[in-house]
Amino acid sequence: MNDTKFEARNPDYEAITRDGFSRHGLMTHLGVEMATVEPGFVELRADYRPELTQQHGYFHGGLMGAMADTACGYAAFSLTPPGATVLTVEYKMNMTAPGEGEQLMARGWVKRPGRTLIVTHGDVFVIKDDIETLCATMLQTIMVLLGSGSRPAG
Amino acid sequence: MNDTKFEARNPDYEAITRDGFSRHGLMTHLGVEMATVEPGFVELRADYRPELTQQHGYFHGGLMGAMADTACGYAAFSLTPPGATVLTVEYKMNMTAPGEGEQLMARGWVKRPGRTLIVTHGDVFVIKDDIETLCATMLQTIMVLLGSGSRPAG
Amino acid sequence: MNDTKFEARNPDYEAITRDGFSRHGLMTHLGVEMATVEPGFVELRADYRPELTQQHGYFHGGLMGAMADTACGYAAFSLTPPGATVLTVEYKMNMTAPGEGEQLMARGWVKRPGRTLIVTHGDVFVIKDDIETLCATMLQTIMVLLGSGSRPAG
Amino acid sequence: MNDTKFEARNPDYEAITRDGFSRHGLMTHLGVEMATVEPGFVELRADYRPELTQQHGYFHGGLMGAMADTACGYAAFSLTPPGATVLTVEYKMNMTAPGEGEQLMARGWVKRPGRTLIVTHGDVFVIKDDIETLCATMLQTIMVLLGSGSRPAG
């Protein structure tokens, strides 16, 4: 959870965030959708499909990582000025429960927005019978590249 | 790179490692293959496909994470006794170059094998015109569950 | 910040947490004090001294790491049953601002309490003229050893 | 271990690396010495003292973190051009054994030198009866600030 409220520096932040996300071949291929975009916050969701599983039929940890990385990266991107782009420098993720459920949800928040580096954090929940269980948590570093076209995280 | 040589405690380590990997729906869906299995070492490879890309057409960072996590996890699994299984506790990954090339290769090594926890590390390379470029590096913690069926990392 | 409320399983949680902390030679040597102990939460504080600095006279990043690691570890310890001990498996820390001020404060919270592994997170603030600035943030994994004397994190 | 050989861009790399280190009040206070400096590599050592311990009388994990962070940071610093400085962006450390012994040794290597960000890794060993045991391993991100005085990591 994150109580801090941020203001976007780009009035078109939602449109460019959604546009950038829509051009990720991998996210489209995996059926991941961008559910929510707010300044400094992004939520992604993916419905269960056999192609998204590990050997027990649960959501794969690799999917949790990819979704959390992307949610956090676009949360950072939503706060950047027009023309800026972002890159994932690194992230660390803890797995806290198996991904057993009908839907996977990744939420990314900006923790500390810097001019060059933005620190974000994210939580991944699996939803089963309307109950959300935390299955992963992430701490991430994003680099901002000013005025260099459009190249969001990933 | 890793100079340490380990001995497998399970004579069938290669067969069970390959078998476990083959049951990952996500890895199959993404076209990832297990190229090499040695005691404490695993190499995975994926050929370029548009479905594996981010918005610039390079290999997606989420794929690098999923492949490195899996390579490291199975490197740990290859050293466990018969009947044991492994789970990813957590990992940290640095992205060092864009994934621009024809093939992505993830190598995972055991750094320190414990009875309950195994520390591994991994490197991801992208191959373009026969030149390997390091594009990500990982440090990972794996938990060993003794005598509990077969449930490798992920 | 962390909204989750936990219940201690050991009625003496505060006494044993403070007692364990008091036996860290390094913490005493550095003048670190345990300001607050609640179930799943610990706050440590250290006043400015020249011995705690890096080359610019600010609080040293190594001190931030040691204090955050200890605050998070004892936050986990406060939730363990009688007789249990904890060990730091690993942590990751982002530095977000220089430690320029009169006092350094590390807060550790339990994020997800497991039977064997506890995931915690922590924030380090520097206080200058009554203003708190976030200078580091941590995500940590703690291992619980049941019934083995008293051996908290560190 | 690291096989890569780097060339220093500053002919005075050893002198400025040792000079920067000597101005860390915390390192002096803890009795840490810079044993070796090579381009892209630094080794630090600290002899056992009761002030460096946790509650069992072993070297404190906080000291391992501070020494590994500093060794890795100065390994990065040794490769920077004249006038540059470095800052720790973040690091992740796994603890692999208790610090039981007479001397603690931290080695830091550059893994991938970038213009703005340098990825390093480090190992911490405890030495007891001439036997080195790995007790921690680190993966770290360093930021380079060009032409801005002298402000090494920490």
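To keep things simple, chains are lettered A, B, C and D as they appear, and every chain counts its residues starting from 1.
Going forward, a residue touches a chain if its C-beta (ideal position, glycine included) is under 8 Å from a C-beta of that chain, and two chains touch if they have at least 3 such contacts.
Remember, it's a predicted structure, so these values are computed and weren't measured experimentally.
When the C-beta contacts at B-C and at C-D are tallied, the pair with the greater total is C-D. With chains reduced to the mean position of their C-alpha atoms, the one farthest from chain C is B.
Averaged C-alpha coordinates put the centre of chain C at 23 Å from the centre of chain D. One inter-chain figure worth recording: chain A and chain C are separated by 28 Å, centre to centre, where each centre is the mean of the chain's CA atoms. Mean C-alpha position of chain B lies 33 Å from that of chain C.
Multi-chain contact residues of chain B, defined as those touching 2 or more other chains: 89-90, 92, 94, 141. In terms of which chains touch, the assembly is arranged so that all chains touch all other chains. Within the complex formed with chain D, the chain B residues making contact are 1-3, 92, 94, 96, 111-112, 114, 119, 121, 134, 137-139, 141. Per the touch definition, chain B reaches chain C in the complex via residues 89-90, 92, 116-117, 141, 143. Residue ranges of chain C in contact with chain D, taken from their complex: 20, 23-27, 29, 50-57, 60-63, 65-67, 69-70, 87-95, 150-154.
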